[in-house]
Amino acid sequence: MDLATVVGMLSGIACLVAAILITPRGNLGMFVDYPSMFIVLGGTTAALLMNFSIRELAGLGRVLRNAFVSRGISPSQLIADFRRYADLARREGILALERVTGEVKDPFLLSGLQHAVDGLDPDVIQDLMRTELDYMSARHERGVKILRQIGSYGPSFGMVGTLIGLTIMLANLKDIDAIGPSMAVAIITTFYGAVLAYLFAVPLAEKMTNRNSEEMVIREMMVKGLAAIQSGDSPRVVEQKLRVLLPPRMREQLGPAR
Amino acid sequence: MDLATVVGMLSGIACLVAAILITPRGNLGMFVDYPSMFIVLGGTTAALLMNFSIRELAGLGRVLRNAFVSRGISPSQLIADFRRYADLARREGILALERVTGEVKDPFLLSGLQHAVDGLDPDVIQDLMRTELDYMSARHERGVKILRQIGSYGPSFGMVGTLIGLTIMLANLKDIDAIGPSMAVAIITTFYGAVLAYLFAVPLAEKMTNRNSEEMVIREMMVKGLAAIQSGDSPRVVEQKLRVLLPPRMREQLGPAR
Amino acid sequence: MDLATVVGMLSGIACLVAAILITPRGNLGMFVDYPSMFIVLGGTTAALLMNFSIRELAGLGRVLRNAFVSRGISPSQLIADFRRYADLARREGILALERVTGEVKDPFLLSGLQHAVDGLDPDVIQDLMRTELDYMSARHERGVKILRQIGSYGPSFGMVGTLIGLTIMLANLKDIDAIGPSMAVAIITTFYGAVLAYLFAVPLAEKMTNRNSEEMVIREMMVKGLAAIQSGDSPRVVEQKLRVLLPPRMREQLGPAR
Amino acid sequence: MDLATVVGMLSGIACLVAAILITPRGNLGMFVDYPSMFIVLGGTTAALLMNFSIRELAGLGRVLRNAFVSRGISPSQLIADFRRYADLARREGILALERVTGEVKDPFLLSGLQHAVDGLDPDVIQDLMRTELDYMSARHERGVKILRQIGSYGPSFGMVGTLIGLTIMLANLKDIDAIGPSMAVAIITTFYGAVLAYLFAVPLAEKMTNRNSEEMVIREMMVKGLAAIQSGDSPRVVEQKLRVLLPPRMREQLGPAR
Amino acid sequence: MDLATVVGMLSGIACLVAAILITPRGNLGMFVDYPSMFIVLGGTTAALLMNFSIRELAGLGRVLRNAFVSRGISPSQLIADFRRYADLARREGILALERVTGEVKDPFLLSGLQHAVDGLDPDVIQDLMRTELDYMSARHERGVKILRQIGSYGPSFGMVGTLIGLTIMLANLKDIDAIGPSMAVAIITTFYGAVLAYLFAVPLAEKMTNRNSEEMVIREMMVKGLAAIQSGDSPRVVEQKLRVLLPPRMREQLGPAR
């Protein structure tokens, strides 16, 4: 569970609620308006349907789960594993890596190891893995794009709703009692759009992008590590080649390269 | 028929209509204004004529059809085909591919296969195919550009119309009864521009861009597959080289590489 | 004459005029204001003078002529010509190309052919031609930049004028009769800036950019064609190498590669 | 201590305070509003929690310290050092560099030197160092991203607060005495967001980006210098290769290359 | 003296002054407000101090001088010089270039020539010169960045001032006589920010960027020219290689390549 995401979202909503309540004459009821919800949520959903294929939208659930669930392979464990593989490959040959494929869970690394055991040319394996990474990264970015578009369509339909509210109000301008409340309604639509964008879509999209870059570092370590093993590097050099991808802080925790 | 696009557009309009009707004192008649339509649709059309050549604009129909009609080559079928071609080429030589050219419908793949049968150098074929892909992709992006510019000119002329409405209203400020309705008219123009952008041009442009990237993945598979066959790869390796371009989900559906 | 550009500009202006006239109480006289013109046209001109060198600004006329006059080399003619050159070069040697230099009007292609006849190394010619293309493309983009900056400075000075108008109005707020008209004046300046941008500068800049990319496709065909001839390709292969740059529609019109 | 950052921030606040005080009827008390602080600071913090991982946010302190503390390796000292290393390596061989590793404080340069002493292949060392630089630069940019997002979320929640304030005010429109003060409150939220962005987050983010590019120049000098030493360049050529990265002004201060 | 810059700035200010004076009831005194100046100039200066190092800000004077003073090496003179060098190098060998180093004023070209005379490898010289160009170009862009940030902070602090003015006005809303003038003051701050941006910072930044690209063309000619001489090209080929970087117009003025 990525606590930061959950705590962030809840505390953001709490802040807005508290601010409304401590403002003199403010109450939450003023901020509930059904036509405004209709316009912002309905319009955004409609635009998403036009923007993406059903299959892509169906993947949004998975994208969101990734934003709330923290997961991922530990770089220090990966380095330790690669030292072991390098040691094994040096002593008993590349084919001995077959014995470790049982313990590898990550399908990307697993298929790379299997190609190596199958005797594929190192260049071909590198090419396969990097092609897979490129397309994986592009797919991830397109999943995040759904959130980014929510962050863009939300405020846009907020504005559309404000224009609707203003038009109705101005057409009834003689009814002076109605001005204030209908203006409030017009403004609530923009408020909904802004909250949808800034307390949901935009920060989640950014978190997913950050997650994806972190994952790409891990995958790059796998590609570089396998290439180093295939070119016969010593465990020490393999470790060196992987460590340079990590921040100094994390390297210190790993201790000096053995 | 790409249902998502149609359902999205219709439900978006339905949402706005419903929101107008359930707002107290709102009715649809308030949102019909001929000068505003003139400004937004006329101005946008005029700017498009200046922006694009007649030939490019005439292609907009084809671009839109692509947004509403879902089509495309299935990646799993393509992989199965390439396994077959690879098998054939291995057993009977590249020239045997001539027999399958009759069944290939896609002109891009067909011309690649024919070049291979004609004995063109693999490097030359790769170069021809990639050059064609580059220019194809640039042309697609220019077709989508028309939609993007509608999404940009629409709100711009919406604003121009609002300025016209405001100027007329302010010049007649003494006539207090006229303020409300003419302000409403001024705002309707911006409303038209926003609807044209967010329930038509922008999401359709994004859908076309997504479609184009999916098509490019398919075409890249064709280029990579043909190169693999020409370099004499086994059907298994050919399949591997194509599978890495696909999302894990789709690969699972294909079953393990045979 | 590029009719689309002319028709677009005239019809855009006609739309705005018509919309003003059919709006109740609207008349064209309300939209004529000399201080506003001063601010938008004067300010934009001043900023352009600061932004560009006199020599670049003097080239704007040429840039604009290109936007209104449609011209350009036909790709199908170019392909036919290159088939002929390839045929000639194959049968009588590269030097025989000297005979066709008289008929070539385009200076870029002409200098490439002359280098080939002069016996320059194919790599050197490719390098010369591509360097020229890179710098040509950068120069074109800088010519278009003037139009883009008009599209940016116009609305900016429109806003400056609005601020001037608002300040004057607010300093005279007690004179209630003056509010409406001076507000109108303030808004007209923004209107002028928007029209300058959206019915002149922005679409023309986009058209020029489109033209430039089309021209670059033609020039790329020249570079690729000459390289193919120098490497001794058959007329059929030369044609193939040029055709892949064209859209399928245009290729169909050309008929199958002979 | 980077005085410019401190002086800039303090003088910016002083300017705003002075401007408030010298404006007729202005006093600082008008600009203190607790709900507004709640919305801007609380909302921004909430969005940051959703946007970044706890570990990244915890690094913000370090990022900020870098913005206020000026530090860094002097290029002229680095060039003098590299001349010395080059001289040593030429006269006594690469292994003699082991003697200077004790005086090198920078861990990046130190590890490069140790790799050279360990006899790693120059290409491998270059590859290790450049990979480390790429990932270092990406990490730095992600640290700066926190500041950039504060500069983006601050004004966004300022706008959210304004919408809240406007809604409350409009719902109480009949109470005319309340309009002015509650509008002021609505506007103060935007004011807080703007100050957070323009007198804190945006300029600090830019300073960090500048610092990072300067650091990258220094690190590039280390990579280029080590490569030059390993390829056996004379001290004079090593110095030449490092000097070209510096501005002419700094080179003049160094005197002519010896 | 770059007259265009000076004339542009003066005529821009004249336009605004004239527009203010010819607007009924407008006078220049309305546009002088000390708190507004404080906020815009003080705030922008403060943000610049936080954004850049003192050393970078101190270089702004030099950057500005370049915007007002037109200078630069003539391409036609450079081509003539390179023909001469090529001729000399062909007849008497590369070392004979030593004789012309006395007449070369540009330090970049001079150091390249000296390296050639010193017998450095052509690849090393190319590498040195291109590295220097890359870092030179990055430094120029960072100098221009100061102007760009003035163009961004100016309007930002204009908005901050407007928010301050609005808050003070709204807190004193009962004093109806004060509304107009204090609103005017609020708007003047935005006006100052816009003028600072659009009649000073933005066009000057663009002019500097244009100048830098022109200078980069000249420097690229130097790199290409020296490489051509070192590879033993004839004066005619050297000239050809430099001419392709120039616009056709300028090439015509040079006459045909001899």
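Each chain gets a letter, A, B, C, D and E, in the order it is written, and its residues are counted from 1.
Keep this in mind: a contact is a pair of C-beta atoms (placed from the backbone, for glycine too) under 8 Å apart; a residue touches a chain by one contact, two chains touch by 3 or more.
Because the structure is a prediction, the values reported are computed rather than measured.
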Which chains sit in contact with both members of the pair chain C and chain D? E
If a chain touches chain A and chain D alike, it appears here: none
Between chain A and chain C, what's the gap in Å when you average each chain's C-alpha atoms? 40
Can you compute the centre-to-centre distance for chain B and chain C, using the mean CA position of each chain? Integer Å is fine. 25
Which chain E residues touch at least two other chains? none
Topology of the chain contact graph, where touching chains are joined (line, ring, star, complete, other): ring
If contacts are counted as defined earlier, which sequence of chains do you get going round the ring from chain B via chain C? B, C, E, D, A
Can you tell me which positions in chain B touch chain A when the two form their complex? 2-5, 7-9, 11-16, 18-20, 22-26, 30-31, 70, 177, 179-181, 183-184, 187-188, 190-191, 194-195, 197-199, 202-204, 206-207, 210, 213, 217, 224, 237, 240-241, 244-248
Any idea which chain C residues touch chain E in the complex? 34-36, 38-39, 42-43, 45-54, 56-57, 107, 115, 120, 124, 128-129, 131-132, 135, 138-139, 142, 149, 153, 156-157, 159-161, 163-168, 170-175, 178, 182, 185
